[in-house]
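Chain nomenclature is as follows: A, B, C and D, assigned in order of appearance, with residue numbering initiated at 1 for each chain independently.
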Amino acid sequence: MLNTHYPQITDNKLNDVEISLQEPISKINLRGKSKEFFAKVGKVLSLILPNEANTSSFSENFNAIWLSPDEWMVYFKNDDEKVIFNKLYSEISKVNYGSVTDISDQWICINLKGSKIYDILSAGCSFNFDQFLKTDGLSTQTIVNHIDVILHNKNTYNINLFVRRSFSEHLCLWLNDSAKFI
Amino acid sequence: MFLINCPFCGERDQSEFSSGGEAHIVRPKQPTELSDDEWAEFLFMRKNIKGVQFERWNHSHGCRKWFNVVRDTSNDKIHSVYKMGEKPPVK
Amino acid sequence: MKNKYSIFSLIKNAFSDHENWQQAWGDPEPKKEYDAVIVGGGGHGLATAYYLAKKHNLTNIAVVEKGWIGGGNTGRNTTIIRSNYLWDASAGLYDHALKIWENLSQELNYNVMFSQRGVMNLAHNLQDVRDLKRRTHANRLNGIDAIWLETDEVKKFCPIINTSQDIRYPVLGGTLQRRAGTARHDAVAWGYARGANEMGVDIIQNCEVKGIKRNGDKVEGLETTKGFIKTKKIGVVAAGHSSVIANMAGIKLPLESKPLQALVSEPVKPIIDTVVMSNAVHAYVSQSDKGELVIGAGTDSYVSYTQRGSHNIVEDTLKAILELYPIFSRMKMLRQWGGIVDICPDASPIISKTNIKGLYFNCGWGTGGFKATPGSGDLFAHTIANDEPHKLNAAFNLNRFVSGDLVDEHGAAAVAH
Amino acid sequence: MDLRKNSQSEIAKQARNLGIKIYFNHVVTNTFGYRRINSVELMELSDDGNTTIGNKIKLNCDCLGISGGWTPMVHMHTQSGGKLDFKNDDQVFIPKEIDNDQISIGACNGDFDLETIIDKTVNKINIFLEINNQDYKNTKVECSIEKEKRNIWLLPNKIPLGKTKCFIDFQNDSTAKDIKLALKEGFRSIEHVKRYTTTGMATDQGKLSNMHALGIIADTAGVKMGTLGTTTFRPPFTPLTFGTIVGRNVGKFFEVVRKTSIHDWHVDNKAQFENVGQWKRPWYYPKNGETMHDAVQRESKAARDSAGILDASTLGKIDIQGTDASEFLNRVYTNAWSKLSIGKCRYGLMLNEDGMVYDDGVTTRLAENHYLMTTTTGGAANVLGKLEDYLQTEWPELDVYLTSVTDHYSTASVCGPNSKKIINKIFPELDLSDENFPHMSFKNTKLDNINCRVMRISFTGELSYEINIESKYGKSLWEKCISAGQEFNITPYGTETMHLLRAEKGFIIVGQDTDGTMTPSDLQMDWIVSKKKYDFIGKRSLYRSDTIREDRKQLVGLLTNDPKEILEEGAQIVSDTNTKPIDMLGHVTSSYFSPNLNKSIALAVVRSGKNMKGQKLIIPMENKNINVTVSDTIFLDKENKRLNA
């Protein structure tokens, strides 16, 4: 059997900040503009993709994050991860309604919890979190310590941070270090 | 250092963006029919304005979309921002 | 005739309580007409005027400067002088300048404090090593002194560099040009101004060019804030503002003007007796005669004429400085500033005629113009006087952007892999 | 001592009540002492302040303190682009209001007494924030107001200036005399005076001296102080340590480290790493104290004799979907793509608009409108950015979507004559016959029910398979390959061996054999430039007068006359060492000792090299000349037999 290996991100609790790896999580990149595209996504995921910038939508099983006017990331926990992807791919990409790309391992999902998480992020990030932290479901793409991230505000002081796999260990090293100083 | 109002994501620090130089330089549709001079004009020659300049920016660390910015290069003040394909505002 | 600066004149003036020193240069109103007008009173512009007068006997000329001479990039750069360039054309140009530097203080009777303390360039990855070795070999064959140093030799030459192999981008070696070094930037401008003025050149400060008058494909003169100046030859040496002048003449140049930042620390006792440059972890450092560390940063990526840049550039530069010189961690940044550099697509300058008769441009020096000052002035003067480039600046024409014959100095440090 | 004729302020009154003598309208005219001050001499000022009158008064003292009066701190205002006005009454520079998003309040605006400050502040903030609050309008403020002011920038003295030392800048020891001398010599602007005398350049950055210097210049030149302007105020206001500015971004946080999912295995197996962009890539794997040369020779030999394995995960990977995907590739690569059949791979060369080689890689057609592009490791981000730029701005009509999947896949590249056997052990279901799975094609398959893509492509010239798998299984897959290959002595190799192997085959590395000045033709790769295509990025530039020159530098092979001699990468090439200056024809771009050919080989770019095959050239080193012969760029297996071995 093939074994899974995730980046070395040890769950950590420091100064009221919990950092924990959320994998495995399936992630799919969706691109499209047409009516058919939205209809198919809605049908397969029972979800309306958010059309407002920096927001997300969710259904029982899926979260969809706005990335750009024609780009979204859908993420979900799923035992048989490829079923959903295959369905989307054949209903959208194959028939040229848009693009569907499996990016489950492109991004590593890390959960940050605690009242100080924004202080930690702000130590290496120019994004203004004032609005973000007040509103559940908001999302943003920005840079933390020179590394691109996608942030998703799950609920109060609880966010999912997505970082590209090759950067993830370095970012976590930094987050843990940052937590020491808050 | 300044803030740029991405027409899609909203106001962000300039470090999230990359500059694409002068705007509205359209790549010739039939490059092979241009003289060397005309091609050099497209490739290299720039107005490089001191003052209000129309330029392209990309929100490279955000939504990855290109858009246009009207910026005064003498004080880095941004006058307006508009999407690709939209008509530039009159000065 | 101006007094000669010497130990005797110093003593003599001391006896009269220093009340009898002469003006280094005058402050005239512009004449109605000149044989040639140089736009831009920086080092390059003043040097151009000096050599026009000295070598080409053109003395009915003026330098017009919108502010004060030497107030632009001449007084804002990190004063590094070297000639270890890769391509033959560049090596020829910069070494021509370096040879003039070596005698400049004597020639001008003005101490430009040229100090041949050596310039070291560090390699931090395998491609750096290839590129720097390539350059060193080319330099040697072009008669330019340049040697390759292994890491331990780098350490020996400049002991404060962190050459530990455990750092993120360890030093894998470096090159050294011993004839290279630094000079006092202001003194260069002042020395040329004094020299040019002595031969009759009018240096007109606070005179901004507002327009270039053309008659068909010929220039006829300049509109300035001090009135119209008639002339048949205009040499533009306006650095970051070259495009602004070009636009007045109705032409475009292949330039983008960007802020380049530099900073100095508080003065300290001598600690680094050479110049160290590192491209991969982007930082240059030397120590001025006053004891300040003079540190060069990178350019911002956008066009701007604001003479200030982004803070993150300074942060990145100092980060690199601390990586290479942990000893500087407690040094204090005293001041930080920006200049506007005009950058060509191939990172090489333009010293060229244009297709308008009598209009000449000397621009595009990007981040490295100071070192070329004397050579640039000499060759530009030659180009203006003869309406033909000298063979050393022939490659730096405007037509290269049409033909494709670029002198690609930054291409020679490509990073793809 | 006080310059002013009087003061009614509370503090002056209190001082008097305490019995402190105040010498109003007096100035210091001299100081005495050796190594330290022990007395000062003062005199009364004339009415106009231009001279001293009366008797000299001598006072013993231990210390002389000086106050220069009030000067607004306008630094913040000017640093954000604001200009200054001169306020004559107070002899100070104050901010000139600009339409910036800032206001200056209080002393930094030249308002020194509390009443004015409170009054103006409320008013200004109301206007700035657009609030209409009358509540503060009637606030009554009672405070001690100091109305008496007097500025004399150079105190009068009977001693000639040349014989005294009136210090202006206390750190740089510049004196009033120095400033006057500078003016005499024609240094008129405040910037010139500053630079000529170093006044104001010490650690206080002129906070103590600049106003005095300006005052002296104005007096001497006979102009109003306000007309002279000031020197530029540079940040920071207070000197700041480098460490403070950099913060934690030192040591391990100096720069991001990118790791592949197989990284830990490389560490466990003693790999030496090469920095490629932000990536850490295995460079070579020394065994039992091997030198780099030994390790690379061993790895290269193993890869050709039996089997080698390379972690190729760092190559950029871009997923391309959309109905115009083929047309898009036609426009970005120099060669044609429309006819590539599904399941096949093709090598592509990308130029920039200047016609110079920009990037390269293999792109695979996964489905009718679906491709997977690979890029160089260092070029990945730039290529994606550039392609997005063209799509969004030049060709918005194209239906194409690009998604980076670099990190999603891990790639293990297995090569060598035994690679087929190893792949067969791992994927027993897969038909590896040349008919079913020829060179430059790919197969979707599964390993333990996990999707894999196997590409039969080769950067070494050997029969070679690249397996792409989701990154979380990357290390496990790698270990499987290692154990399946054990019986064939499968040898992990790093970037150095990879470079050697590809050089034996004459394959270029963008960035090593090219430097941003090489066209496809210069690389002798005319075969990859489609003559039929109407346009692609950079095409037009290939027909400029300089790019069509026959005597451009062109890629060639070089063989040393002494096969043991290894050339230095970067060494220059000449045909004649006696000319002055020596005419350089080009340089060595790649050079190795090939254990498989048992001789040294090199790639180089040489002027007119295309037509020089067989010609003798010279590599002039510091201490000797090395004789070489121009050869073909392909040193090994010209017929590509090994690809199908």
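Just so it is clear, contacts are C-beta pairs under 8 Å (C-beta built on N, C-alpha and C of every residue); 3 or more make two chains touch, one makes a residue touch a chain.
Since this is a predicted model, take the numbers as computed values, not measurements.
Q: Point out which chain occupies the most central position, where each centre is the mean of Cα atoms.
A: Chain nearest the overall C-alpha centroid, as shown: D.
Q: So the centre of each chain is just the mean of its C-alpha atoms; given that, what is the distance between chain C and chain D in Å?
A: Each chain's C-alpha centroid was found; their separation is 20 Å.
Q: If you average the CA atoms of chain A and of chain C, how far apart do the two points sit, in angstrom?
A: From the centre of chain A to the centre of chain C is 49 Å.
Q: Taking the mean of the CA coordinates per chain, how far is chain A from chain D in Å?
A: 29
Q: What are the residue numbers in chain B that touch two or more other chains?
A: Counting only residues that touch two or more other chains, chain B contributes 15, 18, 36, 39, 43, 64-65, 75.
Q: Which positions in chain C touch two or more other chains at once?
A: Within chain C, the residues that touch at least two other chains are 306, 345, 402-403.
Q: Can the chain contact pattern be summarised as a line, a ring, a star, a complete graph, or none of these (other)?
A: other
Q: Quick check: in the complex, which residue numbers of chain A touch chain D?
A: Listed in rising order, the residues are 1-8, 23-24, 29, 31-32, 70, 82, 93-94, 96, 98-107, 123, 145-147, 164-167, 169-170, 173-174, 177-178, 181.
Q: For chain D, which residues count as touching chain C in their complex?
A: 79, 81, 160-163, 177, 181, 184-189, 191-192, 195-196, 198, 201, 203, 205, 232, 234-236, 239-243, 245-246, 249-250, 252, 254-255, 257, 274-277, 354-356, 358-359, 376-379, 382, 509-512, 514-517, 541, 544-547, 568-572, 574, 581-582, 584, 587, 589, 620-622
Q: In their shared complex, at which residues does chain B touch chain D?
A: 18, 20, 26-28, 30-32, 34, 36, 39, 43, 56, 58, 60, 64-66, 75, 84-85
Q: Mind listing the chain D positions that touch chain B in their complex?
A: Within the complex, chain D contacts chain B at residues 81, 353-354, 385, 388-389, 392-394, 396, 534-535, 539-541, 543-545.
Q: Tell me, which parts of chain D touch chain A in their complex?
A: On the chain D side, the touching residues are 248, 252-253, 256-261, 264, 279, 319, 321-323, 367, 369-370, 399, 401, 403-409, 447-448, 450-451, 469-477, 480.
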